[in-house]
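Two complexes come next, and they have one chain in common, chain A, joined by chain B in the first and chain C in the second.
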Partner chain A sequence: MDRRDFLRTCGSLLAGGAILATGGLLTTKSKGKSGDVFWQIDPFACTQCGRCETDCVLPVSAVKCFHANKVCGYCDLCGGYYRPSVKDLNTAAENLMCPTGAITRKFVEEPYFEYTIDESLCNGCGKCVKGCTSFGNGSLFLQIQQDLCQQCNECKIARVCPSDAIKRVSYDEAYKLKDHA
Partner chain B sequence: MRKHKLTIITLAVSLVYLAMLVAWHCYDPSKGFTEALPGADNRPAGNERKADDVLIGEFFMKDSAAATVSGLTGEWPCFRGANHDNIAKNETKRTLVEGEFQDLWSVETGEGHASPVISAGKVYVLDYDEHLSSDALRCFDLQTGKQLWKRWYRVPMKRNHGFSRTIPVIWQNLVVTIGPEGHVMCCDKESGEMKWSMDMKKRFETEIPFWYTGQCPLVDDGVLVLAPAGKDTLMLGVDVQTGETRWGTPNSVGFKMSHSSVMRITLSGTRTYVYIGVGGVCGVSAEEGKEGEMLWSANKWQPSVVAPSPLQIAPNQIFLVAGYGAGGGLLQVDKQGNGWTAVIKDSYKASEGMSSEQQTPLNYNGTLITILPKDGGGMRERLAMYSPDNLHKPVWTSAADERFGLGPYMIVDDKLIAFKEDGELYVYGIEGRSMRLLRKQRIMDEGIDAWGPMAYADGMLVLRDSKSIKCIKIFQ
Partner chain C sequence: MVLALQSLGGIAEARFPKPDFTSGYQYPDIFHGVPYEQLWNILDIILLVGMMGAVVWAAYKKRSRAVIYSTSIISVLYFGFFRSGCVCSVGSIQNVILALADPTYHLPWYVLLIFILPILFALLFGRVFCSGVCPLGALQELINVRNFRLSRAVSATLSLIPWIYLAFTIIYAATRSQFLICRFDPFVGIFRLGGDMGMIGFGIALLILSLFIGRPFCQFLCPYGALLSVFSALSWKKLEITKKDCINCALCDKSCPVDAIRQPQQSKAKETRSAGVKRIILFAVLLPVFTFLGAVLLGQNSDALSRAHKDVYLYELLMEQQAHPDIEEPLEVETFNALGGNVEELKEKVDDIQHQYSLYAHLAGALIGFVIGFKLLKLSLKRSRKTYEIDSARCTMCGKCFNYCPQNLKK
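== the complex of A and B ==
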């Protein structure tokens, strides 16, 4: 092996090793294991201030609205679904609280409706959560979507959270869900 | 060569810009968007909801908080209390708490002036939930302020000095409310279970006053007395347990609904429901067998806006008062043979005698107590005491710096409690025909429009401004 081949081989090994190591680390991180910690929102401490939408390092926040079906009242007049003082209770855009159309609902039986969150559309603004918490059962709540979260060493949202609702919790406790409370 | 080069570069740049312009025009950023249109929730056809589709008592939510087992027995069951005089009497006379009055709890409300009633350790208030555009009957624990349950129904309204107005009435196991748009709702007071409802606006074609319904429901011996003052019906009696109509009074006088409430007054030995409507004042028989019979009416005193309720000041005399320049009036009602006469004996401007804008004055131990209105001349907004013999000259007034605006006032034992409209509480000792200031304390730091009447029971005073309700311990 001449000098040129030797260097090429070493470079290839180094690059391949780095790729494998990164992949392995990412796999380990995304799987999680006992002892690991993750950023989580305490839904009972959250005040829906709106910072989750604007302060996450991601272009679209990793914080999403979650729905606790066990807690939901399946109301027709839902404070998280409709904007305040709407004229008509229908699904026209001008009546809806969610700015991205991430909440949909389906009629179940009079007068109940089932609500569903489309996480891909949710930007974590928390407007629906505020409405549901203030005027309903509080079944909608904000939580960090773990497969999107970068697990920053210092969560940028946690730094500005006025109610100190975002904390690192161990892998064993995640998620903090309302219907598991 | 150089010239060609420049031409080529210019053409190339132009083409690039042209391509970008075309692309910009052709690109549709909303491609892939889905329109949010009515009907996406699969709601069955024919079940669409409109703004005025009011289903009274439609929604209910029981809170997880448990009621305190307190054994409290105090009652403030309706507008102006059990005796309809705005005077509370403790079983044994109590003394004021030492030091400052303590805050026990406070809750946020929708903007408005609806006040609570108290029954057996629970507080009931017909709030307006702005977010849900709904009238909401809320039940709280008197000791902790924790909400126990809420029953609400959607009534979209526009803010007009807030939304909520009225005070519920408790009768045995029931609580009855009248919403700002004239919706009557009856529920079980413990469980919140819906019993019956009535839409006065739809049923009687009532014209709801500009500042919404201020009428507080009255229950007299199991009969709910309502004054829809609609197209055909002036007043009616309803079985409070079932909602069935017992009697009705035709609106022969053509009165319209005011902000005033029906009061039961005994005149010359005859039990009478007295109502000040827009158009005049009338008396309707409450005597058994003659319920609903119109006894008398008078239209010589008819302000366009009336909030205070009629106040009896002598066996055959009723004091009438209204704000916005109307002033006061004295109505004399006499029985003559089989008929009645109702004559306005005196009528004067607010600056010329006893008057009030929103609150109904007090009749206590031979004196009449009021807070004079903003147009009450030099004594405007001061607490004043009058003799029933002379409604033009007060026998006592509060000091020049003790002015209360449109705030409420009531008597507990021998103490007058006045709540200034900015949230400061004054307690006076009543000493014959004068009063002495015993204590004053700011209760709400930034109180706004504290106009709703207060409720008292078991040593606790429940009061409100336009955005919150507060409970304080006031007596030992």
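== the complex of A and C ==
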């Protein structure tokens, strides 16, 4: 074996050792957990700044408004449905909070209304969430719709989120729902 | 506004009691879809290994470009357009760095495999992954028509960029500031048919360039390619242009898109052994000096670099706000104040982050210095070759030279 071969063999062994060491170290670190996979918003940290609507890589954000019916007060004068300065409680666009008309409501019984989000219309702006959190029970909240999310290795919204509400979660907790809280 | 600020604390107090329905109203069941991510990840890994295996077979046994070309197409379609480019091996560097630097981050198993398998294959067979498995490389490979050569000096200088890129990636990933590679990925927008227009423009420019120069991204930008080239240089098996005798026709050299074929050379004026040894000792002494200089130079600028971190940026915005209270509050400052943030606590956090930055900036600087020193050392080693040979560090195993070699065509 000449000098070149010797050096090369040493180098190969070193490189192989490095792979084994890194692999082994990382395996022990990630053992027993399914890992931080999905991106998700912590609804209790979210401040509804509106960046979810504008900063997602998708043309229409993967962030959608979710509704926890079990938290909702079913009010007629809903802070998420109507704008704060509303004069008449009707469905004229200038009275409604949602800019895309994604929130609909259905009369249940006096004096309760059931609110439903049409996720195909929702753009994740969080205006209704702000209204509901400020004046209501906070049953409306923003979540990343995992069917739509592209699972970017670094969430573009997370990078600009002012309250650090977007974190990675594991497979088992893909959503942080308010009903279960 | 006051109400809004109070509620920002995040506690969902029930301002209105739960309605007691008398009409037998049932709460609607709501189902939120979760993709079968784990299943897809298993398929990703199977395809990754399968395609790398196919490339090894095609390059070493079958010696055919056709198979490599087909895996390239599959890779662009599946890993690129279908799986929309995330997470890829290039980007997984950052997840691995983060997992090593930050124990609170749990590295998913498949990201670890996506990172380590191509490296393992590189150590065994060379840059198999680059060949026809990486969607970024495959996309450039598929549209390449001509090879205009850059001069050796230019391409040697440009090939430092991936290492510098890798060094900065380490700083930013280890401190949880941002994932540089993902942010400046020129092709992900093309695969997703939408995204940041600036990066898509850059990607299209790179693709136009790759019509005339083989794989500009892989050669002059890709940090994972730089990493693989180290392991490939030390690989167990080495690819040969032909199994028969080389007739020095130079056709393979002309066909190579990434300038990975070294011409035969004979040192004209043979230098004395002692002069050669002296030069090598000089460079060997210079190597630690370069490393040290790099560490010091980049380490000194760590505070400036740390501005890329959210909290440091926020702290600077806060300080500026205090200095000029009349300017409009940025959203970050507004949120910080609304959440009742404590400036002293933030300052402590910022100090901690800057401390980390200092550590990783020194490390990254040392890496850059070492690479520059090592490249110089390598330039000074002149080997004489009698025939055309593949430089396994650069070779991306496209298989073009096989078909160009007249010896291979002989029956």
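Going forward, the second predicted complex is superposed on the first by the 145 of 181 C-alpha atoms of A that agree within 3 Å, B and C clash if a C-alpha of one lies under 4 Å from a C-alpha of the other, contacts with A are read in each partner's own complex, and residues count from 1 in each chain.
Criterion: a contact is a pair of C-beta atoms (placed from the backbone, for glycine too) under 8 Å apart; a residue touches a chain by one contact, two chains touch by 3 or more.
Please read these numbers as outputs of a predicted model, since none were measured by experiment.
With both complexes superposed, C is the one of chain B and chain C in contact with more chain A residues.
Contacts of A:Gly23 after superposition: chain C is touched, whereas chain B is not reached.
In the overlay built on the shared chain, the residue A:Gly73 is in contact with chain B and with chain C. In the superposition on chain A, A:Asp5 contacts neither chain B nor chain C. Of the two partner chains, chain B is the only one that A:Leu89 touches; chain C does not reach it. By the document's definition of touching, of the two partners only chain B reaches A:Phe107; chain C does not. Counting contacts by the rule stated earlier, residues 73, 75, 134-137 of chain A appear in both its interface with chain B and its interface with chain C. If you check the complex, the residues on chain B that touch chain A are 34-44, 47-51, 58-59, 61, 129-134, 154, 156. Of all residues in chain A, those touching chain C in their complex are 8, 11-12, 14-16, 19, 22-23, 25-27, 29-30, 33-38, 44-47, 49, 51, 57-59, 66-67, 69-71, 73-75, 108-109, 112, 114, 116, 130, 133-139, 143, 145-147, 150-154, 159, 162-164, 168, 170-171, 174-175, 177-178, 181. Those residues of chain C lying in contact with chain A across their complex are 3-4, 7-8, 10-19, 21-23, 25, 27-28, 30, 32-35, 37-38, 84, 86-88, 91-92, 94-96, 99-100, 103, 105-109, 111-112, 116, 119-120, 123, 178-179, 182-183, 188, 192, 194-196, 230-231, 233-236, 310, 331-332, 334-336, 338-339. Across the complex, chain A meets chain B through its residues 73, 75-77, 79, 84-93, 96, 101, 104-107, 110-111, 113, 131, 134-137.
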